[in-house]
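Comments concern the structure below.
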Amino acid sequence: MSDKSGGPVAAEQIADLAAASRILAAQGVVDGFGHISMRHPAAPERYLMARSIAPALVTPEDIIEYSLDSNPVNANGRGSFLERFIHGEIYKARADIQSIVHSHSPSVVPFGLVGVPMQAMFHNAAFLAAGAPVWDIRKDFGETNMLVSDPVRGKSLAQMLGDKPVVLMRGHGDVTVGPTVKMAVFRAYYTDVDAKLQSQAIALGGDVNYLTPGEGTKADAINFAVIDRIWNLWKMRVAPGLAK
Amino acid sequence: MSDKSGGPVAAEQIADLAAASRILAAQGVVDGFGHISMRHPAAPERYLMARSIAPALVTPEDIIEYSLDSNPVNANGRGSFLERFIHGEIYKARADIQSIVHSHSPSVVPFGLVGVPMQAMFHNAAFLAAGAPVWDIRKDFGETNMLVSDPVRGKSLAQMLGDKPVVLMRGHGDVTVGPTVKMAVFRAYYTDVDAKLQSQAIALGGDVNYLTPGEGTKADAINFAVIDRIWNLWKMRVAPGLAK
Amino acid sequence: MSDKSGGPVAAEQIADLAAASRILAAQGVVDGFGHISMRHPAAPERYLMARSIAPALVTPEDIIEYSLDSNPVNANGRGSFLERFIHGEIYKARADIQSIVHSHSPSVVPFGLVGVPMQAMFHNAAFLAAGAPVWDIRKDFGETNMLVSDPVRGKSLAQMLGDKPVVLMRGHGDVTVGPTVKMAVFRAYYTDVDAKLQSQAIALGGDVNYLTPGEGTKADAINFAVIDRIWNLWKMRVAPGLAK
Amino acid sequence: MSDKSGGPVAAEQIADLAAASRILAAQGVVDGFGHISMRHPAAPERYLMARSIAPALVTPEDIIEYSLDSNPVNANGRGSFLERFIHGEIYKARADIQSIVHSHSPSVVPFGLVGVPMQAMFHNAAFLAAGAPVWDIRKDFGETNMLVSDPVRGKSLAQMLGDKPVVLMRGHGDVTVGPTVKMAVFRAYYTDVDAKLQSQAIALGGDVNYLTPGEGTKADAINFAVIDRIWNLWKMRVAPGLAK
C-alpha cells in the first residue's frame, strides 16, 4: 500500500476532530495522554489523527494523515503517537467504524483488572449492553511495556474488540469506536460515567438490574438521534478562546 | 382539548425557568440531557418547557408552551424533547405541583437498579423520608428504548410517582416535582446529594439512622422557608455573562 | 442581659470573618447553607455573624452583632439565621473558644448516622483524635424539624460537644469550634477531608491504624504553627473580585 | 560541610521548580501544604526549595538554597519548611535522584493506615510495581507530632524508602522521588490517581490483576519517553497569569 494522501478533507471536519480531542480533555476522559482519530472521509485506507501532543491542546494544524499501517503520510517532522497502531489495525478490521478513541479513562481502568464485566447502567450507556471485552496483553505477548506499539499488538486488540463498541485493556485503559467522531466521543464519555455508576451500584450490595441486551439495542438507537444536543454543548465549551 | 395558548407569562417567570435549567447544569444534576418545566401560571392545562437543547444553554427565547397532552402550542419550528410526556402526564395527575425536573442525576441512577430504597440522610433532603418509588419501565412495557416517549408511558410513570416528591426510573434517571420551580430544582439537587451520602453511609457498614417519616415532614417544612437563600446564590452564578 | 453593643470591631477582623464565610463555600464545606461566627473581641458576651444569606456571598456589611442569647443587637431589618442558637449556647459553655462553624459538610453527614466514630487519619485532622461525639436531637427532643432553632436545643448540643473541637449532628451536619476564626475554618475543612479518607480506608478493609490520642495532641499543636500558610492561600482566592 | 552556595542556577530551571510547585496544587496533589525540591544541578551537596509558603503561590523569588543538612544558604529572613529534612536526608541517601515531592495526596493517605500495599494499576503508575513501603514514625520514635522535623527522622524515612520511587508515611502522606523535577511530579500525580483506581478495584471485589514487577519496569521506561507531553500541558496551565 502506497503512503500517498487520500486527498484534502473539509476544514470543518478537521476542526471537529481537533475539537473532539479537546472535548475528551475537558470532560475528564483523558488527561495529558490519549487520542482520537477519524477515517479519511474519501479514502477508507487512510485515517487522520493529531501529532503527539496533549489532547487538550490539539488544533487543526496538528492533524496528520496516516495509512492503515499507521505510517504518516504528511508528518513533516511532526511526531506520531506510539500507539497509533490501535487505530490503524481497528480500521482494517472494522469497515463499519469511522472514528476511534483511546483513553485511560480513570473509572474504567479498574474494570480491566477484575473479573467484573462492565454492564449498561442507563440508556446513555446502552451500547455497553452488547458487552465490553477485556484484552489482556499478557496473554499473547507475555510481560510487556503494556503499549500497543506495533501492528501485531494492534491486530490482537482489534480481534478482542470484535464487533463491539468498546474494548477494555488490562492495566492500561480502553478503546471506544463509532460510526462518527461524535459517537466515538459520546461512547468514551459515557463509558467513563457508566463505570462510576456500576461501581457505586455494586457497593450498594445485592443484585443489579442492568439493562438487558434488548433494552440496550433499542436505547442506543435513541442516542444516535439526540447526540447533537450534547455534542453542541461540548463543542461550544472548547471553542478557541474558551478551552483551558 | 384545543391547543391554543394559555396567554402571556411574566418575563420574570420565564427567565426563572430558563435560569433553573442552567442551574441544574451548573450544579451537575444534568449534563447535556434533562429538562425542567413549569405549569402555566394562569392556565393549569398548559405547561412551559425549553425546546430540545442542552440545559446549560437555555434562554427565555427557547421556552415553548405545551398542552397537557404535550402538544406544542407555539413551536414555530423549534424541536421538542422526546420525553415531554413525563411532564404532561404528571401535571394531569398532580394538581398540587407546578414544576417538574427530569434528570439522569449520576449518583441517583444506581438506586434505580438495586433493591436499596433511597432514604433521607439529612434535613435538606428531608422530602425523601416520604419514600422514592422506583418505576421499572420493563414491568408494563417489556423491553423498550427506556424512554417515556408517549403518553401511556408517562401515565404509568405518574402512577408510580403517586403523591411523592420523587420517582426513580430504572436504568434511566429520576423525576422530582414541586409546588414551585425553585422547589423542584431544590429537590433535584438534594436528591443527588442524598444519593452520594447514602452510598457512603452504607459502605461504612452497620445500621443507618435515617430520618424518620415524622422528622422528614417537619424538616421539609423548613426547606420551604429557607429556599431563597440557596436559590439566589444559584441564580447569581448562572446570570447571563457568568454561565459557562 | 442587656442587648447593647459590645463596641466597634476592627474592620480587618470583620473582613476576615466575612472572608472565612466565603472560604467555607469556596472549599466545598458549605453550599448555600451554613454559617461561621466569632466572639466579640472586646465583649465576650457578644458574638458576630452574617445575616441570613448564602455563605459565598457574605461581605462585611452583612455582619450582625448578637447577645449570647442570640438576640441581634443591630439587625436594622436584616434577617437572622434560624440556627444562631448553636453559636450563642456554645459561646456560653466554652469560654476557651472564639469562633464556631456550622456546616452540612457532605462527607461528614454519614458519620452522624452510623455507629462508626470519626478518627484522625492524618496530622492536619489530628484534632479529631480527641473524639467527635454525635448529637442525636431525637434523644432529648423526639421527632423534630432537626434544627437547633431555640436556646434549649443549643444548650443540649453544647453539652454533647463538651470540651471537644467537633460535634456531629445526626441527620444534619456538624459544628467545629476553635480559639480563632482561622482555626475554626481549618477544622471544618479538615473534618470534611478526614471523613473522605476514613470512608476510603474502611472500604479498603481490615484494621486502620488511626492516629493515637497522644499523636493527635502533639500533631495538632503543629497545625496552630502553620495555619497561616493555608489561610493566606484561601483568603487570596476569595478576595473581592476573585470570589465566585 | 560549609554552608556556602553551590553557585548560580539557570533561571529556566528555577522557573520550572516554581512551576512544579504550582502544578502540584493545580492537579490537587497538594492543598496549602506540601513541597517539592531539586538537587542543585552543579553542586550535589546542595538542594533548592521554596520558602515556607503554600505550593500554589510559589514563584522563582521564593526559592532558597539548602545544604544537605537542610540549613539554608541564602534565606535572607525567609522562613523554611519544618519538614525540609525529608529532602536533605533523601538526597544524602540517594545519589541517583534529583528531585523530591512531599505531599498529603488525599487518596494515598488511607494506604498508609491499612495493611493493603499499593500496587500499579496501569502503565502511567507502573513505577508502583516496584513497591511502595510504608514508614510508621511510631516504630522508631513513639508517639510524635507526626512530622519529619529533624535529620534523624529524615534518615529513618530515607532508609524505609530504600531504592524505591515512593514511600508512604502513616497518618501523614507520601514522598515521591525521581531523576528529574518532571518525573518527581509525574510520580506524585500518578500515585494519587493510582490510589483512587486501586480503591475502586478493591471495592468491586475479587482478585485484581495488578501490573507485574516485570510489566512495571518495562512500562515505566515509556513514561520517561512521553513525560513532556503532560508536563507541557501542566506547565501551560500554571503559567503566570493563568494560575489560580
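Order of writing sets the chain letters: A, B, C and D. Residues in each chain are counted from 1.
Assume a residue touches a chain if its C-beta (ideal position, glycine included) is under 8 Å from a C-beta of that chain, and two chains touch if they have at least 3 such contacts.
On a predicted model such as this, the values are computed, not experimentally measured, just so you know.
Seen from the C-alpha centroid of chain C, the farthest chain centroid is that of A.
Between the two copies, chain C and chain D, the Cα superposition rotates by 90°, quoted to the nearest 5. Because chain A and chain D share one sequence, their contact can be compared position by position; here under half of the interface residue numbers appear on both sides. Computed centre separation for the pair chain A/chain D is 33 angstrom, with centres defined by C-alpha atoms. For the pair chain A and chain C, the distance between C-alpha centroids works out to 46 Å. The multi-chain contact residues of chain C, meaning those touching 2 or more other chains, are 203. Within the complex formed with chain D, the chain A residues making contact are 31-33, 52-54, 56-57, 82, 104, 106-107, 109-111, 113-116, 136, 138, 143-147, 170-173, 199, 202-203, 244. The part of chain C that touches chain D in the complex is made up of residues 120-124, 126, 193, 196-198, 200-201, 203-212, 214-215, 218-219, 221-222, 225-226, 229-234, 236-237.
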